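Two complexes come next, and they have one chain in common, subunit A, joined by subunit B in the first and subunit C in the second.
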Partner chain A sequence: MSATFLDTNELELNMGPQHPSTHGVLRVILKLDGEKVLGTECVIGHLHRGVEKIAEARTYQQFAPYVDRMDYISAVSNGLGYCLAVEKLLNVTATPRARAVRVILTELNRIASHLFWLGTHALDIGATTPLFYCLREREEVLKIFENYCGARLTTHAFRIGGLQYELYAGFEDQVRAFCGSFPGRVDEYEELLTHNRIWTSRLRGVGILNAEECKRFGVTGPVLRAAGVAWDLRKAQPYSGYEQYEFHVPTGEAGDTYDRYLVRVREMRESVRIIEQALAMLPSGPVMAKVPKVIKPAPGEVYVSIEAPKGELGYYVVSDGGKNPYRVRVRPPSFLNLQALDTMCRGALVADVVAIIGTIDMVMGEVDR
Partner chain B sequence: MMGPLRSTRKTDSPRLSLSRVFLGVWSRAGAAFALLKKFLLLDLLEGLRVTFKAQHPSKIYTEQYPAERPAVAERYRGAPRLNNHPETNQTLCIACDLCAIACPENLIVVGSVRNPATRRKELTTFTYDLSRCMFCGLCEDACPVDALELTQDFELASYTREGLIWDRQMLEEGPRPVRYSS
Partner chain C sequence: MSEVPTAHTPKVHAHAPAEMAVETWESALTGRLAARFGGGISRFGSYLGQPFLEARADLTLDVLRFLRDEEAFDFLVDLTAVDRPGHAERFELVYILYSFASNERIRVKTRVGDGVAAPSVTGVYPAADWLEREVFDMFGIGFAGHPKLRRILLPDDWSGHPLRRETSILAMDQDWVRRNLGIESGQ
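Moving on to the complex of A and B:
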């Protein structure tokens, strides 16, 4: 072992799985030289439920509620990814109205997910107040979900081929009211945090991950965009009608924790723009395409990926022609982004590890599945 | 602390034009202001303005649960209910078993006997295991006669595991949570 900075012994410290800022049941084994992190090792699997195996014993429709329980902070995005994959397998396209509604709901979910991230991330850093404001706005989004599909978190909002429910009366007004008030709220968060000296000194230059390292680890989402790569699947491979909407892909430069914060905040503003455009051109018509009652796709395999709030969320579905999928494999963004933790943490302080875990924005339900 | 101040003093040419003097004073004022801001924690006060704005009593409210129950959405997926016909008070269920087939967790058991006179299936028992239910609503969607429905009741706690396995009577009557009225 090489000589360490303080000439002390290398210390191994367990962080988690019950640590409040490991966001669930992540266990990180830290190798420390005093306060300095020499290396980390992630121990995952505490939340493993075998979701992919469950899929093999369920019909295609029956598996849809389970995908909500992987990334439970953005259940709607998970539902969209799964439904798009099975629709591609069946060679069915959702109706135009269903696609527009899907875009509205997934973008609302992106806002809710980023809000929850912002609140808890700020809480980890030591700023308690933003959490209350973020959850206040998230509550409005969850109310819309509850009114639309009857559940707040594990929504099961979409069905294969379209939507189960028609929009409720007052949906458009409620979403418009939210879009009207929300940018002002984001200004408030920025007022609280963006120029706050404690916030900037805790985040600037912490957990740097450059574009090359991002590509090597397969990191996607805001973490990649903060490193300056404008890669967004909504632009790169548009799905569900995203090519009709005009929006920017915010990017950062430094690839540090502060840039990732800025990218996510700007993404929330862009989501509001997308929702407003989708509402303005909401087509009428049926919400469900013609899909057989018993889904039996022809043998084959598909991989469909969407831009979930946390990164590229992919579903690989194999059909052997039966009622149940032969194999479902999920490419969760959190799992791949978590790999970069060690690179980001090396040389940082223990307090920075908390910030870095927060900035990856992972959900353990998705990492372990 | 001295970093920004020192950088403004950089003058590479001995001849000072008027604009350069102006720029120098300006940036020095800016640096002094930044120092003042740092010293007086003005950037923190900016955030505190937001905090104090939210302190107004009209913006504070507490949900008085359980004295007042919150109104959940009309489509809320809560406790299941087996509907009876409003006039005849006979069950609407035709014992077709579609809900049991649709359920991902296989937690619905429908018992029926065939009536030899009408040659129709008649419902005898209906068991719904709430302890395994994830309220996905697939059973409700599958029901062709709107007999099975997920309602707005959300207080489902039970002291025993068996208490969560609802039989037909429980499903028809619905849960009866304790009311705490003030």
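Moving on to the complex of A and C:
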């Protein structure tokens, strides 16, 4: 008989919902064997506000500001997806100028979202400096949003049919200046992190999710691309004029946390390229298409999705011909990406769980809605 | 604040809502599906260029497995439901599928009545795990064969299913305040 006092016991450890590295109110129950993770279970819903239910009692326009409050780190993307879905249902297209401005603001928001992710992810791992650099640049983007529509986070930047506001004087200069300085700033972040030995040893080979697993769990966005799948809705099914712009879809190979870091960093550089092209060929003309004051789409249903910073963000909107949507279903990328957490964490160490939660880049407002 | 519209129950349509103007969807894929499932698929339609099919609920697993294995629709984009209380089978389940190979998206729709469990598709698409839990939570539709079917967004002791059309936000609020705080909500 072997000595039983040397056996380790399995331990259940509760992480969150109030935990700085769970990025909001996520509770993860860890099953541990010593430091090793045997399994995880997510408890979500702490931030549930019944967004889809609220839609039933709002008009199409009234519901638009609510979508900003799902992924509040990239409210502009949420608004774009919703506006495109209702426009599809109405069979209208935004004006060329509105489409280009939408691309500029959405890509700026992608940069802001990735910056916030990078800063907090690095902070979780123990690198304090990048947070301050990243938030410094994010602040420039938020100032542009504030100048444009008065809000920094929950922007409600777009309207069904186009934009409410024409661009302010100085917008183009401000965005151009940002695009001029930003790639150099990304170099700075990379200098701090990309070849940093602590950074690479904490990230390489951690939280691997291969392409096959991504597809099985409905995982999209940078997580899917880091697994080597060059799939981006801006390329696969272009919307809002993305087919006019030239950009790469960065991919990784290993599907680990480090590749996801590289993919997002490269995506920020690609976003700058898109913004510069959109600025260079910014059409003139009206910013609002002809849309009735009271929106009552013919009975029908559409599913429209966009490449949000976190992945495929879809809206399934059903109209019964009335002035309120009969049903609005949001397909949040974070919800499905988070579902793969258990697969990514099995066999990892407790400290890796923090890195893996960070690398998924989910926003609980969107998971819980 | 009495004019805030959430305070009112959304009107349940006494009459069935007007039908959408569906075009027929015909392609090589629909031909193969019709040959395989015959009358099990009652409609191939398309609205605003987005194709969908309506299948019998008991064929859900077979149709999805066929689409995944034979037609390369290997990605479950979303799974959700729509409540149409006027109908005999009030719930419409919507499976949105995507094929990386052909860059196509289609919707598979089935209907289930209140209190009838739909077959769980977690065995075909593991992504359906949380999605089916959310549909169960929000609509009260059961999924036979789901590994762990329980609420996901709402607390375990919540009563009712918010996305049923007759559920009112105000009534939910009043009920919660009464049960948990022991007072009247005043809303």
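Following the convention adopted for this analysis, the second predicted complex is superposed on the first by the 363 of 369 C-alpha atoms of A that agree within 3 Å, B and C clash if a C-alpha of one lies under 4 Å from a C-alpha of the other, contacts with A are read in each partner's own complex, and residues count from 1 in each chain.
Here is the rule we go by: a residue touches a chain if its C-beta (ideal position, glycine included) is under 8 Å from a C-beta of that chain, and two chains touch if they have at least 3 such contacts.
Note that this is a predicted model, so its numbers are computed, not measured.
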item: Which superposed partner A:336 touches (first subunit B, second subunit C, both, neither); value: second
item: Partner chain in contact with A:48 - subunit B first, subunit C second, else both or neither; value: second
item: Which of subunit B and subunit C A:58 touches, first, second, both or neither; value: both
item: Touching partner for A:296 - first (subunit B), second (subunit C), both, neither; value: neither
item: First (subunit B), second (subunit C), both or neither touched by A:149; value: first
item: Which superposed partner A:324 touches (first subunit B, second subunit C, both, neither); value: second
item: Subunit B versus subunit C, judged by how many residues of subunit A each one touches; value: C
item: Contacts of A:196 with subunit B and subunit C, given as first, second, both or neither; value: first
item: Common interface positions of subunit A, toward subunit B and toward subunit C; value: 58
item: Parts of subunit C lying in touch with subunit A, wherever the complex brings them together; value: 5-6, 8, 10, 13, 17-21, 47-48, 50, 74-78, 80, 82-83, 94, 96, 100, 103, 105, 107, 125-127, 129-131, 138, 151-155, 162-163, 165, 167, 169
item: Residues of subunit A touching subunit C in the complex; value: 44-45, 48, 50, 52-54, 56-58, 88-89, 91, 215-218, 229, 231, 236-237, 298-303, 305, 312, 314, 316, 318, 320-322, 324, 326-327, 329, 331, 335-336, 339, 368-369
item: Subunit A residues within the subunit B interface of the complex; value: 58, 61-66, 69, 129, 132-133, 143, 146-151, 154, 156, 164-165, 168, 188, 191-193, 195-198
item: Residues of subunit B that touch subunit A when the two form their complex; value: 38, 41, 43-44, 46-47, 49-51, 54, 72-77, 102-104, 134-138, 141, 150
